[in-house]
Structure formats: structure tokens, C-alpha cells
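Both complexes below contain subunit A, partnered by subunit B and then by subunit C.
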Partner chain A sequence: MNDSKQTAASGAAVADAFASEQAGSKLVEKPVLYTHNVNVWYNDHHALDDTSLTFNKGEITALIGPSGCGKSTFLRCLNLMNREIDGCQITGDIIYRDHNINTPEEDLYELRRSIGMVFQQPNPFPKSIYENIAFAPRCHGLRDKASLDQLVEESLRGAALWDEVKDKLKKSAQDLSGGQQQRLCIARALALKPDVILLDEPCSALDPISTLAIEQLMTSIADGRAIIIVTHNMEQATRVSNRTAFFYMGEMVETGETEQIFNAPRTEKLQDYLNGRFS
Partner chain B sequence: MLNPVESVSGANGAAGVGTSGSGSVGSVYDPRAERARRDALRRRAIAQDKFATGVLTVIIALVLAIVGAMVFYILFEGVGTLVQPGFLTERARANGTAGGVAYQLFDSFFLLVLTLLISVPVSLGAAVFLVEYAPDGPVKRIASTAVETLSSLPSIVVGMFGFLVFSVGFGWKYSIISGAVALTMFNIPILVRAIQQALEDVPRAQRDACLAMGLTRWEATVHVLIPSAMSAIVTGVVLSAGRVFGEAAALLFTSGMSSPVRLNFLSLNFNSPSCAWNIFRPGESLAVHIYKIYGEGSAEAQQIVWGTAALLMICVLIFNVAARIAGRAISRKVTGQ
Partner chain C sequence: MVKTMPKRRLEKVGLSVTGACVALVTLVVLALIFMVAGKGISAFLKDGVNPVEFFTGTKWDLQNTNDAGMPFTGALPLIVTSFTVMVLSTLFALPIAIGSAIFAVEIHPDFGRKVFQPLVELLVGIPSVVFGLIGFHVVVAAMKLFFGASTGLGILPGAIVLAVMILPTITTFSIDALRAVPASYRQGSLALGCTRWQTIWHVVLYAARPSLITATILGMTRAFGETLAVRMVIGGIEAMPQGLLSPASTITTTLTTSMAVYADGTPQADVLWALGLLLMAMSLVFILIIHLIGKGPQRA
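So, the complex of A and B:
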């Protein structure tokens, strides 16, 4: 009990500090999601060290860095998916819509409805295309057939997939191509009307043309949402993101506007990484 | 004049000896010898491969021959009786040494259905708990060990336990329900393992996708994991049904070694000992029937034994084929058209 009060209190303090810090800056809207000194342990392994980042609506943030640097670990903190892993512990504040979600009392189900996630491997359910999208909203209480139909169409249009599948909504989603499956997974996330979408290397299993389609899609869904994408592909980061954060050995080393990160890196580690001195 | 030449040729000779000597330990590359060595190795590998293929082919041929011989022999001995009019539709007479096996056939299916009605829900629950809910720790380890131990108990021991607990302890005497519960204990470990395997084979990504959409573990299990695993689950259930159907030892002391002399299939008086649907009446499965009348010795009894054996074998074969067909059909249905 004491712990959670403390975290909540420190969360509020951070929020206040943030508000005063932002008062003089050009940002008008408060960030939808930000973290303060987030640490992650897998049992004894310290996988992420004091990471503080801010995410705004309408912005795409890329998390880059070599394998095992903690970028995916950080992403999986933002919807507390790490809590599903035995022995994983998250400390620090994760402030979403002005309250700290990293507390034992947080309603994970409610949280994950508004923070969507897309995985590395397209993972549509072994159900029809229609059911893939309608299934979760139905579980969350939307039973009306007409509303569901409308939601399915809206979500598929949002993911630029409607024209390709509108005649085969009852067909199995697993017969779609890899790129279509990944767009279906995005549509599935959109159906819950999230204001943050986390993408964990969404294109690494796709061919270049499907990758291009997903990248274009990201720009279009960023309207009114914070998009956070983990990517190994640095060209992809420069093509799609507004801001970039570079992770190395469990540490968030440098963050800034994407252009600055790639054209004028400030830290030596990032320079080395961009020059391919380690990978 | 000769001396220098001699000395030169001598030096040459010495050098020649030196080269050939070092060649034999491999410092000088001799392409022909090297190729010969590799060819020999290659030939040996190919010969080994051919030999292994031959041995494996013989082994598998032997297995097929044993199965084929058994099936053929049992059919050869049994089909004559099996196709006799009335064998499948008439009741046994003279303590099983004459007449048909209609009641035994019915009792076998009755036992099977009751067993599955009890064991499928229990096994499904246990497997879901072990795969989806139990944290890695002592509970899971103990439960898994318990299931494994149960699966390696000899069925005669399960039968003894069933007799002492259900027939005597619960006062169910020799009864269909007593037999069905004993078969359940025999069947649960097989089913738990099959369903556990089926659930574990559903990709981790499916689970994550559900949780990431704010669904509970239970919703994920009911709406995604079980449907995904359904074809494997059904295959497992039908295959286990084949084993239950042919089980004799666990039934000897529980459901008994005789069916009532006359069963009334139209009666709905569940307390009557002659009501076919009464679960507290004794019953006899096909396998127990074979065991019982094999010792009778008369030629007619032998004919009935072979006929029953053929019938049992055909039923089990049908279960196996049905398992595949059902599994495939369900997997098509669940994943859309």
C-alpha cells in the first residue's frame, strides 16, 4: 500500500514538474504518454536503466538500437505487457492520460484497450477476417450487428485493407499475404480506438512492397494518436518518424528530432552506431 | 670434374629423399592422393547411407508386416462370424458361447460415452489450468508428475482401485458407472497430455495478441486458444476413445463380466436392472467378453471370440480414421472456409 501511494505521489510530482517545465515551451497539448526513470529487471538482469521519454499525439517516435539494447523491453512496458513475463519487474513512472499506470491497481484490460499493439510476426487469429476485428470489441460489450459491421469497415478502411478484402470478409484471415495480415493486425488494433499504438518491428517479416504500405499507413494513422515503433531499419526510422530515441545496452542514450538524430548525433555511441561500428 | 657433379647429384638425391619424406606426413600437397582419399571417404559415406536406408526399410517393413499379419489373421478368423446374420443384433446365449454380441457392443459404447462425458471436461480444465494459469512452480510440477504417474498405472491396478472405492466403498457394486469412472481415471492422463500439447502448440503470439487487446486470459482461452487447438483436441479425444473402447482389465472388477440377460432399450425406468440406460446395472464390454469366453474352449465359443475380436478391431480402426477426418474438418471450419 505504502509503495503504491509513494509511486502515485511521485507520479503526481513528476506530472507537476513536467507541466511547469512545459509551460514555457512551444508544446500546446500535454503529452498523452510519458515515462520517468523506468527500469526493468528480468529476475537479476537489469534490462533497462532509467528511461524517460515523452510521446505526443500526432507524432511517430522510432526506437532504434542494436539487438538486446532494451528498445522492445521499453515498448512492452508502455502497455505493461512485460507483466505477463514471469520474473519481470518494472519500476518508475509511466504516465498515461495524467496518471501513473505502473501501479498494482492499474486495470490492465482497460489500459490495453486504449494502447494498441502490433507485433513483429503478423499474428491474425485463426478466424475469419471479419471475426478478427469484431471479436475483441464484442468481448468488450459491443453486440449490435450493424455497429460491428460499421466498425469492421471503418477499421479496415483505416488500415487501407478494405478494398482488398471487402468481398471475402468471411474467409480465413490466415489465407491473406503477410503484408495483408499485418495490416489486418493494425485494423484489429484500430477497432478498439486507441490513442497510442505500439509497433514492435512491424515490417521485419515483410517484403519491401508490403513494408512501404505499412509505412504509408503509419503516417495516416498517426493523426490524433501517438505512434511508437521499434525498428532495426534505420532508413525506415528516417522515412516515417518525427522523433527518434537511440537505445544501447539497456540505456536510452540519445533522443531528439529524427533529423537531428541522424544528421547531427550528439553522442559518440550514436555516431558509432550510425557509422556501423557496431550493430 | 666428376666430384662436383657427384656432389650436386648427391645433394639432389638428398633433397629428393627429403621431399618424399615430408610428403608422407602431408606437408606437400599431392592432388591425386588427396582426391583419392576424399573419394574413398565419400564412397564410405554413401555406402553407410545405403546401408542405413536398407536397415530402416527392413525395420519399417517388419512393423507393417506385423500389423498387417495381425489384422489379416483376425479378420480371416473373425469375419465369418462377424457377417453372420444376428451377430451384431442378437443377445448372447448360453453364457456367451452362442448367439450374438449386441449387448456387449451397446455396453461398450455406453461405457465409452459416459467415460468421455466425465473425462473430457475434467481433462480440458486440468490442461487449461496447467498451460494457461499455473505459474511455473511447485504446483505445476506436482500436478504434472501426478498426471504422469496416473498414466503409467497398470490398468488392472486402476480396476482394483475402482472396485474397492466405487463398487465397494460407494456401494455401486458391479455397474456401468463404476466402470466408467475407473475408465475415466485411466483416460484422464492421456487426455490431459493430449490437450496440454494441443494448447502449447498454439503460438505464443496468439496469446499476446489477445492480452494486448485488453482481453482476459479466460477470454483468450475460450475464444482463441481452444478454437485454435480444437482439431488437435478432438483428434486426441477420439484416439483416447479407441483405447478406452478396447480396455478390459480396468473393467473386470468394476462394470463386471456379464450384461443382464435381457435389456429393455425402451424402458425409461432408470432403477430397473433391465433398463438399458440404467447406469447402476452391470455391463460387459467387448474386450471383457473376449476375455470371459476365451476360456470356454468349445468351437462355437472360439468362433465368437474371433468375431468379437474382429469387431473390436474394426471399431478401433474406425475411431482412428474418424479422428483424422474430424480433426481436419474442424480445423477447416474454425479457420474460416
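So, the complex of A and C:
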């Protein structure tokens, strides 16, 4: 905590240490993303304390915990969205594709292109369905109409939305239902071919049927990607995730296989939380 | 025991007082419209001013009369001047207004809220005669200096003075329009790796489009109706403008200049009422456009 600003060099050292540590383990692939002692301050408020977590491709990780426990704050570190908040300071190492992204030099635009994010409230732009998807690829330089058309279809298919909207691509995205809007937001992220997708309580504004659709979608897009989802809904965590991390009061208390977390919690705090003793 | 009015009666009193207010306002508005319309139309019906001549004729001269004893009532020069001044001033003010609104909302919101907005609102409170005075001594002088214009009076200085006057209107409404764009749009765009400028240009401004158009039209309405400051720098010659720096006269400035000259009921006085009717009709059109935009399909 005192060595607040770590450099990229130390990040690389951490990466090496991690590699040697993992050498004998069953992991075949290196994690696509992991953090080491990440701390977050909002001005004087210490919102997240020394959090180290690892995310692998093909896995869905659920971040659970009571409101204000730091799970969303942590999620927003992973694509450095916290940097958009005045007075927010992130320290520690966030290693993505073998380099520390928590440096002033990091190219945020490239980073957020490969680490997608979906928010709690579906937030499609007030544009057509087509434009919602084509917008970001265009921002990143894709101009060719045929490629854009193809990308839009591919992304909508990827988000299981194509069949519902293929005849009204020019219609406003805001006329879609909440669940469709959220899937559109996922499609929008998929269009940039990310290998990490962050979802910040993506279903909390949706009805049960739409929630189910999003959960199925998460499983289908997890192949070759690390999916990280913040959720208040513990059933959801058990349904969709392989791994779970439990946060409490700005601290990552316990992490492990989802089954172990829910069936055999090791810490007292997690047991209390699962038993509904606080929320 | 305190003596109080029974509740039922209190309700009735409240209803009648507020109802009376509404009735009064409605009456004033209707009376105003009928008066202007009646007087204005009588120029065509009673005095025999030719409506076609009024809208397309290029000679406006109320002092002299033609062989039939009628003044020259071709209002086209005034209409053209009014529209030119309005469009030019909007063209000058709009980019500056939207540019500063972007800065005050998207780039330095603190500065925008605490310093810039109060400053702009200060501009609203300055009486138009002061703008006219400054316009006459600064803008008109500059016209003489830079363009070698003989008098320096004309449409261009009028448009510049008006641009400054409508700037706070458009800026204030643009600031409100940009502030009303939900933060979630900006976050969504930034989270897709788009730059701040891409976000502002393609998402924020796009989402605020209807309100920005409304802001612009409100500015144009003000420009169209503003009289005093324009009168001080435009020259006041009721002829088809020959250029941006030849003295001209708008509908409004003509009204102020000639209003007290002619006796009530004369064709000259009535045709001035017709100008008033035209102004009123234009503002009605502006208001209609704003309503249509408000009802438009893409209400973000």
C-alpha cells in the first residue's frame, strides 16, 4: 500500500514471478488478465485494498459482495474506466497480455477496444441498431461498407439478436426492449473482437426472461474470452460462473471455484454473506 | 377557536383566482393577435394595398405617393434585410456558442458551471441599447477601417452586433442541451475505446441535436425581432440592400422609424401594422418549428 505507484518494470517482474509460480500447475495457458495488489482511492476514500485476481480465457468469473464493497470499482479498473472519474487513483499492477496497463502511457483506446464493457443500465446510443454497432469500428478506422455490414451481422448473431432485428437495422435502438438493448450493447462490444468482456450487473435492470437470455449469451461468448461479471444475484453467479470472488468493504475476501465458494466457504465473512446475515 | 374559511370555499377561491389569471392572459393574447391582424389586414382590404406588391415589390416609400395617391409599399427590401441579418448573425454566433458549450460541459464542467455560465448570463442582462452603442462606436468604426466603407453602416455590422446579442441565448440553451445528454452515452462510447472527441462529436452532439436546433431557432427568433441595436448600426435606408455594407433597414427598424409619423387609419399607418402582422406570423412559424422538433421521432 505504501509503494503506491508501481512502475511498468515491476509489473514485468510480477509477470515473471507469476509465470514461474504457475510453471508446475495444471494451467496450460497464461492468464489473459491478472491484477496484483490493486488499490483504488476516490480522493481520500480508500475504495479497494490490495486486490489480486487472475482471469483466464474461456472462464466466467463472478464478482459478488454487498453494495459498496468495491466489486464494481475493481471491474472498472480492468479497462481503466475509473480514470474517467475525477479524483480517482489506481495503484498496483494490472497485467493484460503480459504487460502492465496501469501506466500513464497506456493507450486507453486500444485497451478498451480489446476489453469490452457492458453497463448496468442498457445504454444504446440514440442511433439506429446498425449505427450502434458500426459506430465503434468506425471510430477505430474501419470505413468499408461491406466489411461493416458483415461485422454488424456477425456481432448481432454473436449476441443472439440477429433474428429479432435483421429487418429493422435502420430503426432506432431505443425502441428495442430492455433485454434486447442489453444484448445490443453486448453485440456492440463483440464487434471489436475483445478477448475480455466486463459486465457490470448487466441483468439488474431486466426481467427474468431477458436475464436468462443474457446468461445463456454469456456462456456462448465465453469461448476464447475471459468474462468478468459483477452481480448482486447469487443464483446468477452459481448459474453462469466458473470462478467467484467475494468482496467485502473494499477487500477481496475470498476467491475460488464457484462451487467451492457457495458450498464450502472458507471465511466467516463469506459464510455470513451467503447466509444473508448482511447484504 | 380560530375562525377559518371552510375548506370547500377555500378550494373555490383558489380555483377562481387562478382561473381568472388564465382568462386574463388568454384575453390579452387574443386581443393582441386580433388587433394586429385586424389593423394589418385592413391595409390590404380597406386601403387597397396589393398583397403581391407588398411581398414582392422592391420600392418602399411611405412619404411619396404614386399617381393613384398610394404610398409605395413594396416590403421585399425590408424582408430580405431582416432575413439576411438573422441568418448571418446566427451563422456567426452558432459555432462560437456550440464550441463554448462543448468546452463548458464536456471539457471543464467546473469552470463552465462556476465561471462561464454566470458570465454568459451577464451578457443577457445588458440592455440592447448598450449593444447598439458599442456597435456604433466599435463595429461600425471597424467596418470603415477594414473595408473602407463610407459610412460603415449596413447589414454586416447589424449582423455582428446581433450575433453578440443572441450568443448568450444559444450558448445557454446549448449548455443545457449537452448537460441533458445522459452520462451513460459518454461512458458507453469511451468504454468502446472511442476518443473523447469522437464521443463528443458522434454521440453527445448527435444525441443533443433536437435541443441544439431548438436553441438555434430561439436565437434566430431573437435576432429576427431585435430592433433597437440593429437600428443604431444598420443605416435606416429603406431600399434593397446593395451589399453587406450599404445602409439598409429591417422590418423592425422600419416600424420604429415610421411609427409615429403617420396618423392612425391612413394607408401608411395600416401598412406598418401589416409589417407587425408579418413579424408576428414569423415568430409563430418559429414556435411551430420548435414544437415539431420537440415532438419529433428521435427523442433521445
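In this text, the second predicted complex is superposed on the first by the 273 of 279 C-alpha atoms of A that agree within 3 Å, B and C clash if a C-alpha of one lies under 4 Å from a C-alpha of the other, contacts with A are read in each partner's own complex, and residues count from 1 in each chain.
Note that contacts are C-beta pairs under 8 Å (C-beta built on N, C-alpha and C of every residue); 3 or more make two chains touch, one makes a residue touch a chain.
Note that the structure is predicted; figures quoted are calculated from it, not measured.
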Looking at the combined model built on subunit A, do subunit B and subunit C fit side by side or clash?
clash
As a test of reading the superposition: which chain, subunit B or subunit C, is in touch with more residues of subunit A?
B
In the overlay, answer first, second, both or neither for which of subunit B and subunit C A:Ala173 touches.
first
Partner chain(s) touched by A:His36 [first = subunit B, second = subunit C, both, neither]:
neither
Which of the two partners, first being subunit B and second being subunit C, lies in contact with A:Lys269: first, second, both, or neither?
neither
Of all the subunit A residues, which ones make contact with subunit B and with subunit C?
79, 81, 84, 108-113, 116-117, 119, 121, 123, 125-127, 135-136, 139-140, 172, 174, 185, 188-189, 192
In the complex with subunit A, residue positions of subunit B that touch it
135-136, 203, 205-206, 208-216, 219, 223-224, 227-228, 334-337
For the subunit A and subunit C complex, residues of the former touching the latter
79, 81, 84, 108-113, 116-117, 119, 121, 123-127, 135-136, 139-140, 172, 174, 185, 188-189, 192
Subunit C residues within the subunit A interface of the complex
182, 184-185, 187-195, 198, 202-203, 206-207, 297-298, 300
Listed in rising order, the residues of subunit A that touch subunit B in the complex are 79, 81, 84, 86, 108-113, 116-117, 119, 121, 123, 125-129, 131, 135-136, 139-140, 170-175, 185, 188-189, 192
